[in-house]
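The two complexes that follow have chain A in common; it is paired with chain B in the first and with chain C in the second.
After this line comes the complex of A and B, so read on.
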């Protein structure tokens, strides 16, 4: 009878239902997070871990390669915000309007890249941007009458290649987020606006954008994090964590290089922790400014 | 009651499946990504180029078990499937010759990056490491970090063969405590490859090439070639590397310097030899004698294509590059001539051992002494070395074989017939002139800084050599 009481208890049931999440969260997030914090103050070597205080962090301050990585990741993140919020939003509005035919096909086309493996697509993009004259981009350059160009050796074009991979891959996903946000907007609002004589732009500006705000904030938050933690795209584009003049080095790429390739888990943990703190600060500031934490918004 | 029991069971099942769903989802995804990434790196990665990894486009996780099922069971990992095939063949021979000490080995081929990561993790953890494992030269400092606690020294096992082995090559695989921990496949002696077929069309003979002694002679011959063909756009004498330090290694070996400073010294990249080489390379790029290798060095797809297109007609590279001709450029058969590398001043050493795979025995092995005996038999005995030369095409370290007519001039060996001269004739010629650059803890940092920044700055962006080397030294000093 006790079991029956337990199972039907309204106090216990919620905990049973959230237990799987709590467990996996503890196992795969809390525990690694704690050990990362611990290891960032250690030197993890063959003889075991040794406490070194703030040595890893003071070295990070002097490490110019790490500074390059931060600069690259920040730049990349800002560009993804510029490219991956307005355009997917515009596409979503188009998809939701009567202007587009065969919407299913378009949606599928835009979403398809997200399903492909970054490893395969990254390799294909690397071959396309090859500096040799047979690379796709150089073939196009030749057709336009220009000479060959070393795409992945120059900062600007390297970043461009990364952003192209990123947009190709994530435009469809962000568009779906915005589409679901659009579906939640009551059609009656648009109808009444039409009766009041609003044109298409006014409807977009004064109905769509404000009511999409929760979706936009969500997309913004995950984009900040995804931009800062980008790794696979650059790893595949330059066939490894190394790139000429470190133009493709990201924070996670540097973490991988230190922690995995060079087996300096302590120093790698310090890099990871800096990334976490950066992403947290940017997102908290952004969420506060957007008013997400205000009571009336709930 | 029954209904309630059923519902309780159902919810329990649901919770359980959700749990396992979460667990496996989290665990599998990164592993799969990593495996695929590693394969790619082996095909085009910079590290792979330093060794003989490029032929290692093996499937992830190719597993085979070979040998006597009643013998001692062992595990062996490699990142090149051809290496495992070689060991498997040698294992059969070992078991025949040693019926009282038979072995059975499970061979696993992993992608380059994965294998080294797995090895390091299992050595650090103290469990799960294989008995025997291939370690690529660039990764040696990481694996040697735990010398005697992680690895089993091979000094006793290699004693029967050590006398014939090239000492400078064995030294490259010694630990900081002076013991031998890795068994080499090859010398990796650097030589100069010349496309004689193209040179002859331009009126340059083999005698002209043989007359080259210094880098000045080499550059002069290059100018002569370019003049003869009318200096068309896209044609060069050679290509210099921005993603590999082979040229700098050659320079250091010629002057007898070493930027790592050895096990106890301080690293110093601002060496006279390095400066001279970089200044010379920069001049060549500016004057149009040399181009920057497409994608950074010649051991990549773009590099092979560049050679096939005859955009460059000579380049220095280790002997193991011969297998790239066989595997990727078979149409070049009969065109190429192998010669000594030029030197800065007559009388200097003209070669250096580059790249390679040191095979180690771990302390976690079930019978490390037996594993070491087998390993040294496979990689150092004349029987083993013959198979290495015939099947893998490496310049073997057993110098006694170099002058053995049946071995060095064997016409059934494809490497002997591919080139205009016998590779071992060149090797015999430079036998006492092969230098060693140590691979120690700081080496990966130096390589990384040079391949990512310094060489690009000097050769692509025209930065002053002194200035770029100072910047490199600053980064290297931070890691000391």
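After this line comes the complex of A and C, so read on.
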């Protein structure tokens, strides 16, 4: 009876409600995070773990395959920022204007790729990027007067293939993010700007961009994370974690190859930690530059 | 020409200009939609052609009506070994999706409730922890979690696939955002009527949180239905594979199952598209919830 009364009191109830989160946080976040940090200083074999100090990290410094993976992931991430922020933002502004008719239809179409699993879209694109001249991308190239490409065997076209998949999948989603950001902007601002004689570009530059900043920062943050930790897209395009000359190898791909395929949990963990540190640094720098931590802005 | 006439002419001119612009803008989105639909259309058309063509020729827009057959789909539904395997994956995916949606919503709802409806010392700290979990990409925790699942003997079980994702930060975040807009006076009213804290949570607040449930259930279901990386690591028994894992096993250069792959891929999209068409606005609400307030 006493226990029941205790559990039903207004002071204790909230803790009962959040208990699942605390458990899940401890078991599936803090524990694995600590365990991966520990493993990165160990050699984890079937017999047990052996402390090796910084050996995994010093090995990573000299590991040229890992350098390729970092370069690929960084390149991919930077390109996604270039392609998946300004364009979706422009599309959203256009979509928000009174000019576009049948908005619901276009929004639905643009959202479709986000519904298809990476397996299905990856398979379709893998087959479209076939090196035969009958593959769709080579058909398009032929129509434009180019020859056939071995898309998935050369670095530049391989990266292009990844970016095309990425743009196909996320342009619509990012556009919807920006659209919901635009909805939050007070329409009266545009009206008073119009009275002051502002043209369309000035309204975009001095009202839309500054007021869209929270949305832009959100999209930027998730894009940095998603770009750096991209793996399944490359896994699907090359039908596995291996690609010729590692042109499609990403950091997570390397983590997968070392940790899962080769079962080197220690070395894989070190790869993961480098990724985590990179992602955190880039995002913190980005957030500080954007003034997110300044208090007066809120 | 009088002044009024000239301004009228200008108005007509503006109107014509707007019509042209409107056609251009709408046309632009129509073009964009065509580009987006194109790969799916290629896939759909290819599913009516022999699967062998996919390896021999790659995928391209094949409008050749004369060679179209329903053979792939007949094969897919024929009930033979391949067909049975496909529908086993399908069933496994449905089961996994159902289990993870029900558990995720149940847990995220009560957690968000605890993080919104009460005032207590640890409240803000706990919410901060929810946000912090979003700062680490899942891919980094994949290795240690995999090892943990082996230790906990949860490898190759549905529990192992579902449990780590049950308290998803974004789902908690969405529920919390929705609930902050609900009147807290309801809690006191419920207490006066003699309801317990848990009674208030499940009998009074839950019904008025329904719209949030709708948005989140759809988003979670889509995530679970399409998820591959983590299920692929946890499931080892081929009888437990979900649809994405199963389809992925067919994508080998030496495979002769491209008929099932292409028809099965197209058929596997149908449930998600159907749900999307019925509940479109919920998708967008749920997805963009975090973006405005960040």
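Criterion: the second predicted complex is superposed on the first by the 266 of 298 C-alpha atoms of A that agree within 3 Å, B and C clash if a C-alpha of one lies under 4 Å from a C-alpha of the other, contacts with A are read in each partner's own complex, and residues count from 1 in each chain.
The definition used in the following text is that contacts are C-beta pairs under 8 Å (C-beta built on N, C-alpha and C of every residue); 3 or more make two chains touch, one makes a residue touch a chain.
Nothing here was measured: the structure is a model prediction, and the numbers come from that model.
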(message) Under the stated touch criterion, which partner chain does A:260 make contact with: chain B (first), chain C (second), both, or neither?
(response) both
(message) Is A:200 touching anything from chain B or chain C once the two structures are fitted on A? First, second, both or neither.
(response) neither
(message) Tell me which partner touches more residues of chain A in the superposed arrangement, chain B or chain C.
(response) C
(request) Determine, under the contact definition given at the top, whether A:45 touches first (chain B), second (chain C), both, or neither. (result) first
(request) May I ask you to decide whether A:78 touches chain B, chain C, both, or neither, giving the answer as first, second, both or neither? (result) neither
(message) Touch test for A:279: chain B only (first), chain C only (second), both, or neither?
(response) second
(request) Look at A:115 in the shared chain and tell me whether it touches chain B only, chain C only, both, or neither; answer first, second, both or neither. (result) second
(request) Look at A:62 in the shared chain and tell me whether it touches chain B only, chain C only, both, or neither; answer first, second, both or neither. (result) first
(request) Considering only touches as defined above, state whether A:242 meets chain B (first), chain C (second), both or neither. (result) first
(request) Applying the touch criterion given at the start, work out whether A:26 contacts chain B, chain C, both or neither, answering first, second, both or neither. (result) neither
(request) Check chain A for residues that touch chain B in one structure and chain C in the other, and list them. (result) 16-17, 20-21, 24, 27-28, 117-120, 123, 130-132, 134, 232, 236, 239, 260
(message) Can you tell me which positions in chain C touch chain A when the two form their complex?
(response) 18, 21-22, 24-26, 28-30, 32-33, 35-37, 39-40, 42-43, 46, 54, 56-61, 107, 110-111, 113-115, 117-118, 120, 122-123, 126, 129-130, 133, 135-148, 163-164, 166-167, 172, 196-198, 201, 222, 225-229, 233, 243-244, 247-248, 251-253, 261, 265, 268-269, 272-273, 276-277, 280, 283-284, 287-288, 290-294
(request) Over in the complex, which chain A residues touch chain C? Could you list them? (result) 8-11, 13-18, 20-22, 24-25, 27-29, 31-33, 35-36, 39, 91, 94-95, 97-102, 104-113, 115-121, 123-132, 134-136, 138-139, 168, 171-173, 176-177, 179-181, 183-184, 214-215, 217-219, 225, 228-229, 231-232, 236, 239, 252, 255-256, 259-260, 265, 268-269, 272-273, 275-276, 279-280, 283
(request) Within their complex, state which residues of chain B touch chain A. (result) 4, 8, 11, 15, 18-19, 22-23, 26, 33, 36-37, 40-41, 44-47, 113, 117, 120, 123-124, 142, 145-146, 149-150, 242-243, 294-296, 302, 305-306, 444, 448, 451-453, 456-457, 460-461, 474-475, 478
(message) Which residues of chain A touch chain B once you look at their complex with the stated criterion?
(response) 3-4, 7, 16-17, 19-21, 23-24, 27-28, 44-47, 59, 62-65, 117-120, 123, 130-132, 134, 150, 153, 232, 235-236, 239-240, 242-246, 249, 257, 260-263
